[in-house]
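In the part that follows, the structures are each spelled out as structure tokens.
What follows is a pair of complexes built around subunit A, which joins subunit B in one and subunit C in the other.
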Partner chain A sequence: MALDRKIAYINLSTGKIETKPIPMEIRKKFLGGRGLDAYLLYNHAPQGCDPLGPDNPLMISGGILTATCASATARTHIMAKSPLTGLLGSANMGGFFAPEMAWAGFHHLVITGKAKSPVYIWIHNGRIEIRDAAYLWGKSTTETQWAIREELGDEDIKSAVIGQAGEKLVRYANVMTGIKNAAGRTGMGAVMGSKNLKAVAVRGTMDIKIAHPIDALEYNKRFIEGITSAKVSGTQGSLGTPFIWGATNSWGGLRTRNFQYNQMEYADDIEPERLDEIATETIGPHHMTGCFGCQVHCRAQYKIPSGPYAGKYDEGPEYTSLGAFGSEPDCRKAETVLTGNHLVNQYGVDNLEIGSMIAWAMELYELGIITSKETDGLDLRFGNDEALLEMVHRICLRKGWLGDVLADGGIPASEKIGKNSFEYLVQVKGMSNLHSDERGTPGLALNIATASRGSDHLRSRPAIDLYHLPEKIMRKIYSNPVPYDGPLSSEHTDYEGKPWQVFWHQNCFMAVDCLGICKYHTVFLGATLPNFEDWPKVIYYNTGLEFTPVELWEISERCNNLERLFNLREGLTRNDLKKGDMLNHRYFDEPTKRGAPDVVGLTIDRQKFKKMVDEFYNHCGWDKQGVPTSATMDRLGLNLEPSHLL
Partner chain B sequence: MSVKVSIHKTHRHFTGGLETVDVKGQTVGDCLKDLIERYPGMGKVLFKPGGKLHPLIEIYLNMKSTYPDELKKPVKAGDEIYITLMLAGG
Partner chain C sequence: MEKVLTVDYQKCTGCRLCELVCTVMHDGISNPARSRIKIVKWEEEGQYVPMICQQCEDAPCKNVCPVGAISRDVDYGFLTIDHTLCIGCRSCVSVCPFGAMNYNQIDKKVFKCDLCGGQPQCVRFCDMKAVDFVAADNMTTIKKRNAATRLYASQKHATAIQEQI
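Moving on, here comes the complex of A and B:
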């Protein structure tokens, strides 16, 4: 059954490999995926450890539902202490890796130590081997995956790999599987690189026994009907996440020219409909594809239509590549966006972070804070497509002074660049913000300020807050599974009720990440999509474990609090601009300049923001400094952590 | 018969700032047509060229999404239509 999948401890320094069952007591408290990884991180990472040192444990996992009869259980979660932020490192990717790992017998890996020379880990039907990867070092993410398949003689092998960015310890290098599935954020690829670990390859044919298979399949049919009948799924399935970018840009919620504007002008060539045309012209009408067990199919396939990389195949681009190579640097050509997307996928680097780093450097260059001396002669002004792509190469290969400096992430880079460069760095906890502008949306501003892994949209974002849903529907969503009768507002510019929404989504997304399912199959973007009422049934039919919706909510709270405890242990304090729940001053001081009338001229009100953070902490059961109270620790059974049960 | 249409904040500059507009019609499509006749600026945000409802617009009738075949859904006096916009904000 799904619950008999094991955990493996792999020490790359000694070569020791140990496998264990996952105790039911642990399952019931942390489920799997991100939640159980948070337990493992809190228990195995020594306080203050060097994120790029051998003591930093790297967890790779699937969720408790991975590869069962539930839909969309494709997600692989990766966790360690982040070399980018020094706090929680956590990233999540789609594709087919985690299901294959489950069929190979494992739900969780804990990788410690450092190999003397490049290696990869080969996992096959319960067996684990550490193999030489010298011949893989220097290869791109795609080349690496195919080389492993060729070496082992099996084209069905799935691998989680790093590219050259991970090898060069770019502190926001990602881990990738397939063409574009990226565990992108917080630099998990650099952690792999620091361990001389090029890849983890898996292949499995071990059956997963379903507890109640007929019920599981019947319930999943309802799930699929719900997902495929939602309008947002149809839009995602035809245009992918660029539809969000296009809508957000036309409205005025898109970070442009670093943070100077909230809307990109003259964007016709990179609008979602134009990208869809390119995909149709280069691949054909059926160019959308998906991950394991998916009914949404949000991922486009394309070939670069022109330029030096013409004809290269890739997938996407997602919202984040449109931001990184479109609106942030104010580059308006589809060729540039599609090429940039291809480069980051091949190098294995977080598109969001690298786009933000380059846009920040462009603003510094135009302000004269850095000059052509620091850029080695590169004219790093906004709108220079060639300079943008050149900087991608330089950062990923750590070439030149600026490429090397930016590869370390924004805060260390600001210390090396000096002057007032930090003031222009749009980040929280050392991680760059999504390419969106939250000055008109206080709920989203609170989300990015308080997200556990740094500024982020996938940890607690109340995205449906922007839809203008009927208040009764909002009340129904946000009053379950625990009662809530406080304020709620359908107006995205309001401050009232937003702390509860962020708290609610924080728990919702943690549940989703513990189950191992994709957020596009949840209430994240669609008010009618599955929710806390559905998931306990899915867990029961597939695994036999029984939870009420409230119990599932409490598990999510417990896991979120463990992440909070880790961050506090590693130095988070509430108002610290570099390690706290605080926004860059530009959110408070610089009004938006473009967009629809409801977003022009807005800033986040500093006092109201402070009040929102207070309220959010209160909902979380934290004190005014954001520390879980003893009552919260008691209620969630966290007093004995680290308990070292696993 | 009168049906109330709730307007997304970002579209209210087309309705002179009105949060809700009373319209008439037998179906959701009729009601939106009536809305556009009175506030023509709403036309381009609700419909694609060619007359298809915009993929980012989802229409709720009372508490329920009208998707698919949104425009054909019948309405009655006292119903409330919500024009929701799948902005998401990234």
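Moving on, here comes the complex of A and C:
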């Protein structure tokens, strides 16, 4: 059964490999996936360790539901100390890797040390081997995957790999599987690169016994019907995440020209409908694809229609590639977006971070803070498509002064560039934000300020806040599984009640990441989608483990507090602009210039923001400095951490 | 009424939910190695083709079986294996031209699609209808209409051009 999947400890310095069962006591406290990874990180990472040093443990995992008869259990979670932020490193990807790893016998890997020369890890039906990867070094993400299949003679092998960006220790290099599934954020690819680890390849044919198979099957059918009948799923399934980008742009929540504007103009050629046309022309009417066991199939397929990469197959682009190669650099050609998306997938780099870095450099260039001397003659102004794509190559291969400097991430780069460059860097905890603009949405601003891995939308974003839901529905969602009778506002420009919503979503998303399912199958984007009440049944039918919704909520709180403890241990302080729960001054000082009437001219109010953070801390059970109180530690059983049970 | 499984591979998104529900339905287990249906992929081109048992009329698996363990179900027309007779020689696996007769190395048994006894779960769970279960006497109707629509549309287009001339 799913609960008999093991944990493996692999030391690349010594070659020692050890496997262990995962004790039930640990499962009940941390479930699996991101939650259990947080436990492992807190227990195995030495305080203050170098993120690119051999001591930094790299965790790769599936959730407790991975590969069971539940809906969309495709997610792989990766965790380590982040080389980008120096705090929590955590990233999550879809595809087919984690289910295959579960069929190969494992739910969790802890990889430490550093190999003397490039290696990859080969996991097959309970056996683990460290193999030579010299011939893979320098290859792109897809070339690496196909080469491993060729070498081992099995086309069903799934691999989590790094591209050239990970090898070059670009501090926001990602880990990838398939064509475009990416564990994108916080530089987990650089951690692999620092260990000389090119790939983890898995293949398994081991049974996972389902506790109550017919119930699981029938419940899954109902679950799926609930998901596919939601309007948002249908739109996701035909246009993918570009539809969110388009909608966000229409009302003025899209970061444009590195935060100078909150809306992109003249975007006709990269609107979701136009991208859908290109996919239809180059692939055919059925051009959507999905991850393991998912009916939302939100990923488009396409071939680049023109330019130097014409005819190349790829998947996406997602919201973030439209931000990175569209709105942020203010480039308006579909060819640029589709080519940029292809390049980041091949190099293995976070499209979100690289797009933000280049847009920041473009603003600095236009302000004269960097000049053509630093860019080696490149005319790095906004709207220069060629310069944008050239910078992608330079950063991923660390070519030229600026390419090398930007590859180290925003804060180190601002120190090298100097002057007042830091003021223009839109980041939290050293990580760039999704290409969205939260000045009109205080709830979303609180989310990015307090997210555990830095400025990010997938840790606690109350995205349904934008739907202006009736209060009755808001109450139903946010008063479960624990009661809440405080203020709630369905107006997204309000500050009232938002801290509770962010706190609620923080717990919701942690539960989802522990289960190993996709957030599109949850209340993230649709008010009617599954929630805490549904998951205990799915867990019970598939694993036999019994939880109440409140118990799941508590597990989420426990895991979120562990992530918080890790961040505090590594230097997080509340108002630190580089390592705290604080927004860039532009949120407070520069009013929005475009968008719908209710978001034009808005900034985040400093006093109200401070009050929101206070309230949020209070909901979390943290003191005014954001440190869990002893009562919270007691309640969640965290007093003995690190407890070194696993 | 006899029904058959059909595949329209262009609709397949490659999610492999069919493989999962097949093994949960038959074995109470999640393991694609036990699945009767398999999605064959060309990932670098984004092409996915569901491979299923065709329930052949002149079935090589049935013909080759030295102990007569394979027979046809009278109600639904699928080929079925009698494991009390099967000697595990895997001759059927060798001769099947579609790779649809499988061998399970855990149980040491051959296995194949039995249409879930009349309600194929792969079809039930495929919202794209890349696999479908249709009446055998009706299986080409949709294809005929699609082809006819193309002809009809091109005829209309040609007539419109002639009128313009």
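One rule holds for everything that comes next: the second predicted complex is superposed on the first by the 646 of 646 C-alpha atoms of A that agree within 3 Å, B and C clash if a C-alpha of one lies under 4 Å from a C-alpha of the other, contacts with A are read in each partner's own complex, and residues count from 1 in each chain.
One rule holds in what follows: contacts are C-beta pairs under 8 Å (C-beta built on N, C-alpha and C of every residue); 3 or more make two chains touch, one makes a residue touch a chain.
None of the values given here were measured: they were computed from a predicted structure.
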Side-by-side fit of subunit B and subunit C on subunit A, or clash: fit
Subunit B versus subunit C as contact partner of A:M192, first or second or both or neither: neither
Contacts of A:E491 with subunit B and subunit C, given as first, second, both or neither: first
First, second, both or neither for A:M206, with subunit B first and subunit C second: second
Which of subunit B and subunit C A:L469 touches, first, second, both or neither: first
Which superposed partner A:M510 touches (first subunit B, second subunit C, both, neither): neither
Vertex subunit A; arms to subunit B and subunit C (CA centroids, nearest 10 degrees): 80
Partner chain(s) touched by A:L636 [first = subunit B, second = subunit C, both, neither]: neither
Subunit B and subunit C, minimum CA distance [Å, superposed model]: 16
Shared subunit A contacts, counted only where both subunit B and subunit C touch the same residue: none
Interface residues, subunit B side, partner subunit A - complex: 6, 8-10, 12-13, 55-56, 58, 60, 62-63, 65, 67-68, 80, 82-90
Of all residues in subunit A, those that touch subunit B in their complex: 229-232, 234-235, 238-239, 243-245, 247-248, 251, 253-254, 319, 323, 434-436, 438, 441, 444, 457, 461, 463-464, 466-470, 472-473, 476, 491-493, 525, 527-528, 596-599
Interface residues, subunit A side, partner subunit C - complex: 67-69, 96, 103, 142, 146, 155, 178-179, 205-210, 213, 216-217, 220-221, 224, 228, 283-295, 297, 301, 313, 315
Touch list for subunit C against partner subunit A, complex: 10-17, 20-21, 24-25, 27-34, 41, 43-46, 48, 105-106, 121, 124-125, 127-128
